[in-house]
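Look for chain A in each of the two complexes below; its partner is chain B in the first and chain C in the second.
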Partner chain A sequence: MDQVTESKVIGVATPRIDGPLKVSGSAMYASDHHFPGLLYAWPVCATISNGTIAHLDTAGAEKMPGVVAVYHRENIGKLYRVPPSTGFTLILDEKRPPLEDDTIRYYGQYVAVAVAQTVEQARAAAESVKVTYNKEKPDTGEKLLGTPLTTDKPDEKSKRGDTAAALQAAKVKVDAVYRIPVETHNPIELHASVAVFDGKKYTLYETSQAVVNHRDVMAQMLGVPTEQVQVITRFLGSGFGGKLWPWPHGLLAAACARNLGRPVKLVVSRQMMFESVGHRPAIDQRIQLAADADGKLTAVQQDYVNHTSMLDDYNEGCGEITPFLYSTPNLLVTGGLVRRNVGNPTAMRGPGAVPGLFALESAMDELAIALKMDPVQLRLKNEPALDESLNIPFSSRHMKECLTVGSEKFGWAKRTPEIGSMKRDGLTLGWGMAACSWLAARIETEATVELLQDGSARVACGTQDIGGGTYTVMAQVVSHETGIPVNRVDVVLGDSSLPPGPISGGSWVTASMTPAVLAASQNAGKALVLAAIKSDGSPFKGKKPEDLELVDGTVRLKGQQQGAVPMAEILRIAKVNSVSGTGKSDSTFGAAKPKVSFHSYGAQFAEVTWQPEIARLRVSRVVTVIDAGRILNPRPARNQIEGAVVMGVGMALFEETMYDPRSGAPINNNLADYVVAVNADTPEIDVTFLDYPDYQLNALGARGVGEIGLAGIASAITNAVYHATGVRVRDLPVRIEDLLVPANRTTHLA
Partner chain B sequence: MGAAGVATAATAVTPLAVSAAIAETQERTVPQAQAITGTMPVTLKVNGQSHSVQIDPRATLLDTLRETLHLTGTKKGCDHGQCGACTVHINGRRVNSCLTFAGMQQNVEITTIEGLGQPGHLHPMQEAFVEHDGFQCGYCTSGQIMSAVAMVKEPWGTLDSDVKEAMSGNICRCGAYPNIVAAVQAVRRMA
Partner chain C sequence: MELFELVTAQTIPEAVKAQAKSSTAQNGAEVRFIAGGTNLIDYMKLNVERPNRLVDINGLPLDQIEKTADGGLKIGALARNADVAQDATVKEQYAVLSQALLAGASPQLRNMATTGGNLLQKTRCVYYRDTATGCNKREPGSGCSAIGGYNRMLAILGTSEHCIATNPSDQNVALMALDAVVHIEGVKGQRAVPVAEFYVVPGATPQRETVLEPGDLVTHITLPKMPAGAKSVYLKLRDRASYEFALASAAIVIKQDASGKIEFIRVAMGGVGTKPWRSLEAEKALLGRAASSATFRTAAEAALHGAKPQSQNGFKVELAKRCLTHAMGQASQSA
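Coming up: the complex of A and B.
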């Protein structure tokens, strides 16, 4: 494919084209939609996490003012399951349709739904539904490793050499268990569904990171043909993975709209969002590293177990990065699942890699200490020449440069390794670092570009902009190819009726969407050239297509500036409103035998300040260097990385969903008790993009930046905490009480 | 009603804004076509305009703005006064609209993000948020901006750390905080 090297718009910091809508409250998110006759639905949530419904009494609720209906298992009507699928279609995590049976498997599971004229009436009615339960003892146990798995033995995820023998023979070893608690996505936009049913067709305004999959799943579960469902997510208040796949509330809203023949709005409350729309599962990981005396890794073993729900298998995939990050002759990654009475876990920003790298990069820090070696040097020493897990080359890997540039920007050379040895303004400093990586991929994408007589262009693709800047980047690609200014490109996305586009997950929208949009732009240009040579009155009539070129929004004879005609003028001469082109991008994701290893890389450096007198720990500074291919729009890209660092501060220091072992309820189910990083928690953040195009992935050389910024941050921070305090925190988040133990003690022994 | 500004202001903005605004116009019909049992009359003054509507007595100011007046720029993120997404001004001061009943706010001046400025004639703080990329998904942004506009008039110091403290009641889960601080400081320096 042709490589795009020069561009007036690609790589240029471009303000978001959706900015004016977002700052004025005009951008329409799912729950902003309103229709005549709209009703409000409010779910009734189970108050046990294991057992069955003994009795459900809706009589009182049904008589309340404004109440239109109360639905439960017996009257909700038919809802189906999706068939098993191979490939990347019909995905949802919680496969049981809501209200399917009377068994309760997690706290907050929907048992009924009240529908009324106002949201207050619906909520009051839902709270008046009387439910009694046959309650059994729930299991939300936090300890995972060593408890019964869903399978006889763990799955082998990656294997090479003889890891057991190498660990046995090792000169220097690390063997430790690292734990990640349940983390909850908590996008500020509540999950919501506004369902409109006209007797045949469903129009569903959803909070979805994947409108096409959402449509396909909803059609299956509602039992109608795909063309009778349209899913719209024009703007999404982010999702971080929690809005990738449909959740039960969407089915409730659609079923209510179907049953009543009126539009229904269901907004999931913040409390419910800790129960029934997914979370990053609790994860235990045992890491064993072995190295020779000069720091060359001889063995890496990672054994992880994550919890999943009672009915569905969600695998966190913590071994995603481990097999190729470092050179080692011997490696083993295993994974297993344990069942708990919790709602279904789901992908949360950087699934697998983020928790996996917390463990691996913490262990690498421990290994560096055991070796009395600089942690940056340890990583440089173990840089692989190729992807040793598959014996294939990397498409474009600049990990060493990430490490060296990061060291320089951070001032790493001034670090003294002794614990608590660095001071500033009366504070003890801790400096830690970690390497990071995240996959790069294309998935199948189609796009259409139209060139219009009014001089504008329109690009359509059934993907989403969840805050990453997709609207703007799509306009940039069209502008690059056609010469039409970015502010004259109308971008249409977030609608399942458009050409099918990528899910907003995996950090792959940019890599997948741009080649399709580029090809569509080129094909629209060809259609324009055809109009130029075929239309009466055109100065180019009778020329051959190869005689003409499109430059800066004009059609002209090759190499001749004189006589150039604006594209719009050609369309006026031809008396057509628009010409269009379609483009497609194929998939690299999940290839059976990949020839190239596509990933992004980075290095994270963190500084913490520690005041032992008052046990006050702050993250003061982060330097992050990212090798994520060519950055198409540095403004939103930088924002993504900074935001991921902020989330990483929360992951390291604050975030943990806690379950009451008696009821199985997530007890800190609100934004005061589940603490996320706020403005005052934000460190000084220095982001560098290496900006090496990955032309093997696409013509623009773009990969993606949505997730890699969070990878490695938590371990960079806990490694810094160790450097400041001597306390190795292996059990996130870092709690004050962890740091009150005497120095050189660990909080979580393997 | 109050949403009229959205559609009419669209002429001066990018094609994206035009297509989005036109597509939604038809949905934003006059609210309250039919009487709803158990509701009570209230008169609210929002963005300089008086609205006499029937609401559920339990309705918060937030739900009334969104569901009855269809001023959906004000967002719900927690309904508990914990996230700041619903921040509006009452007599010029920032307030979490989820923590007050609409019925209690009948004799005050309420300002929402729609009243601050619209595409084509944005408030300087809105301009600054675009210029400094002070958001990603945009959902908390209305609350951030309403909070920021009020904060500028409050007795805070001049440092970035003052802005960070003053703006910490508004959660941005996307973590656009560095750019939010830059936007607020740019406006404070202009003032």
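Coming up: the complex of A and C.
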């Protein structure tokens, strides 16, 4: 398709078309759905993390007021397993159907579910189910590197040159271990399922970032054809990856609805959110860097290990970015898994890249210090000419410009490298920076566009808007192609019965949806032109399709403004309510032999303030420059980066799920004890998009911005912390106790 | 949550009578007063508090803030934290209380939370809130899961082998530094208890936290007149900038003479003690001395002298010292 260089709507800051629905409270989220005869389900959660159920007594609970049923292994009915997934189908992280056996492998695992007339009755009944356990000592051990892996040896993920030799010969070296604790997804909207079963078909209102996959998984696990399952997620109160794949509660809700023949609502509590709907795993990473005296990298090695659950293998993929970010002749990335008594980990915003870059970019900072070199210069010095991991060109990479523009916006030139040397208003300042990157891709997508007689358009695609602005961007793309104003485009998504669309993950919805929606719009336009040349009474009757063009919502003779007829008028003349077109997008993701390397890039600069006299550290300023192709809608795009920066403050300074080693319980399982950044922690945030279209990805040159904003921020902050305090924190989050160094510590050269 | 009955008290004696049916006024009470409900309801939802009767006291005429004849201030038990924090007299003469309240919770919570409820809020120990774990405070004799467990937030002063939970309140730390008096109406009539004697350390009975007996209703607190020219400051240290309980906090009331010598001093700490912690040791190290950062640091060292850190909260010793030293400095310099 032709490259689009100019547009009246693409790249124009456009308010969200779904904004009014959200601020008025009329947007229907999954748990807002209500039906006559609706029942409520509340799961019973294991209070051990390793062992077996000795006895489960539901008799008391069953007799409680309002209780309709209590299900457990023996009476839940048939639930099936999914076959191994290939590509983007039938994906779920926890593959064991709920209640399948009596073995408990993580704290909070569902052992039963109570169903009652009200949610209070269901909860009270669930709490009255008496469960005794044969308890065994759980393993939630935090140390991962050096503990037994699931495989004989770590997997080789990427390799070139002779890394061992280069490390040995190195003039300057960094060798350190970086740790990330378990982080829990805490979107404000809890996971929820409202399951309706009419005796044949399931309609499931879900909190899903992937309705089509969700339908396929549920159909398989419920043992019915896919046509008998419909999954609907009109709005999502975010998910951060935690809602990508189905979790056991959804299946419980569907099974209860099936067994009782009545609609069932199950809303996962905040506490359960810490147990059974995924988390970013704990990760240990050893990074070794070698450079020659002038800062040219000679070797990079990354060995990571992440924890996974007892039954399933979740690989965090921390080496995602390392192989192509910098130029180095020698490189080795390995990865391994260790089993712990934890719920299954899952993707969290920027999986792999975010933790991987925390380690790599921290190590780069340490290397810059060892070299007595400016950290920005070190990165500029190691800019690669091509993707050295695959020996292919980059589709569009402006990392150097991210670094230089960021430096300028931040005022980096004024930085003095000595620890604690910068002051403002009695505060010690720390300045740190990091580079970041995230993949760009298209995945298979279909869309339909309909042009209607009332002058509006309707676009439909089985994707989701998780709050990122997909509704609006889809409307913009249709508007761009048809000339119909954005506010007259009706966007329909979040329904598995629509043409299959992309999962809301990987930051690829925009890039994937664009070609499909453009093509669908064009095909609808072609149908309209046919109507114009064939219909009686049309001024264009008898013309050839190539004589006509569609401009600004009108049909006209090529190049002639005069005589243009509005599309809607043509439809009236043709006596049809609408014309439609479909469009498809193919996939670049996981291509066996890619010809170009598609990625987004960025640079993040952070300022912290430090008051040693009260051990108070705050992030005061963050500058982010992003090269993510053409930005289709700067408003939600900026919003994504700003949100990611705030999330990054939490990742760097606060977030950590703690497991009690004795019970294996995630013990800080609420929003008071699991500390996330609040408004008062939000720094001044400056966001710049370079806005270079990546036309090899799609005609609009759009990539995506959902995840990259989180990819450098944690290391930018810990690098700043080092600059302010002289304390190198390699084990997130940075805690007050890490920084309680003597207040009168003598300043030394960085 | 258990089923409970809700009754509304029309008069103070009615409220007292209703609660007196409970076997205790401490952990495990079968009858509870409900004021703002911001603490009680949370714990009821978690089955930690399981009263079978709630006595709503919000209709009682106990929400006034008034000056007393002797130049002090009387704050009704139902005066909301937000109103107390913004009260002109409190801001002017008892700044430490206003600052402490504003450092706590969130605006929405402060609008609901009451003076009496804050005085009696429960610990935030994660095991106390989790009925799947042992906790001597919640269930006497079931053991203390925090010892050897997750105890980063918990106490280093006043602990016992049975409980190491902190009193999490900010307000109560300020009240300690202000020599507040708690006024109680009970089955045997009215009595006044200095706040310093209101709380008890856990010892072997961590389920017991105050001197309250069945039927006891806190009606108000009084604050004595401050020495003319005294300054006060509240400083709270925590991980994030807002909406979190203190890792360490300090409430300081100080008065210096013309030469800078300390004539009057009150030092209290939050986030480190099993009760709001007043440090007589620190006060002794300061009284009569010239204010200086060295003196402040010495006093802070004295305040933490008996500290007993647990597996995760050793840093609180140094953090509390810095908190005290800095707060004393701020108070002595505040105009």
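Throughout what follows, the second predicted complex is superposed on the first by the 740 of 750 C-alpha atoms of A that agree within 3 Å, B and C clash if a C-alpha of one lies under 4 Å from a C-alpha of the other, contacts with A are read in each partner's own complex, and residues count from 1 in each chain.
The rule is simple: a contact is a pair of C-beta atoms (placed from the backbone, for glycine too) under 8 Å apart; a residue touches a chain by one contact, two chains touch by 3 or more.
The structure displayed is predicted, hence computed values, not measured ones.
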Legend entry - Fit or clash - chain C, chain B, common chain A: fit
Inset, instruction - Could you say whether A:456 touches chain B, chain C, both of them, or neither, answering first, second, both or neither? - result: first
Inset, instruction - Scan A:288 for contacts with chain B and chain C and give back first, second, both or neither. - result: neither
Inset, instruction - Identify the partner contact of A:680: answer first if only chain B is touched, second if only chain C is, both if each is, neither if none is. - result: both
Inset, instruction - Mind computing the angle chain B to chain A to chain C from the CA centres, in steps of 10 degrees? - result: 50
Inset, instruction - Using the touch criterion from the header, give the chain among chain B and chain C with more contacted residues in chain A. - result: B
Legend entry - Partner chain(s) touched by A:492 [first = chain B, second = chain C, both, neither]: first
Legend entry - Which of chain B and chain C A:658 touches, first, second, both or neither: second
Inset, instruction - In the overlay, answer first, second, both or neither for which of chain B and chain C A:428 touches. - result: neither
Inset, instruction - Once the structures are superposed on A, label A:118 by its partner contacts, choosing first (chain B), second (chain C), both or neither. - result: first
Legend entry - Touching partner for A:672 - first (chain B), second (chain C), both, neither: both
Inset, instruction - Taking the superposition as given, tell me the minimum C-alpha spacing from chain B to chain C, whole angstrom. - result: 5
Legend entry - Touching both chain B and chain C, residues of chain A: 120, 124, 672, 677-680
Legend entry - Touching residues on chain A, where the partner in the complex is chain C: 47, 120, 123-124, 127, 613-616, 618, 653-654, 658, 660-663, 665, 667-668, 672-673, 675, 677-681, 735-737, 740, 743
Inset, instruction - Quick one: which bits of chain A touch chain B in the complex? Just the residue numbers, please. - result: 15-29, 31-37, 40, 65-66, 117-121, 124, 186-190, 234-238, 240, 267, 269-270, 456, 458, 466-469, 471, 475, 487-492, 635-636, 638-640, 642-647, 670-672, 676-680, 682, 685
Legend entry - Residues of chain B touching chain A in the complex: 6, 9, 13-21, 23-24, 27-29, 31, 33-34, 36-39, 55-56, 58-59, 63, 66-67, 70-80, 82-83, 85, 112-114, 116-120, 122, 126-127, 129-131, 133, 135-142, 145, 161, 163-165, 167-181
Legend entry - Partner chain A, residues of chain C touching it in the complex: 1, 47, 124, 126-127, 130, 132-133, 145, 148-150, 235, 237, 239-245, 247, 314-315, 318-319, 322-323, 325-326
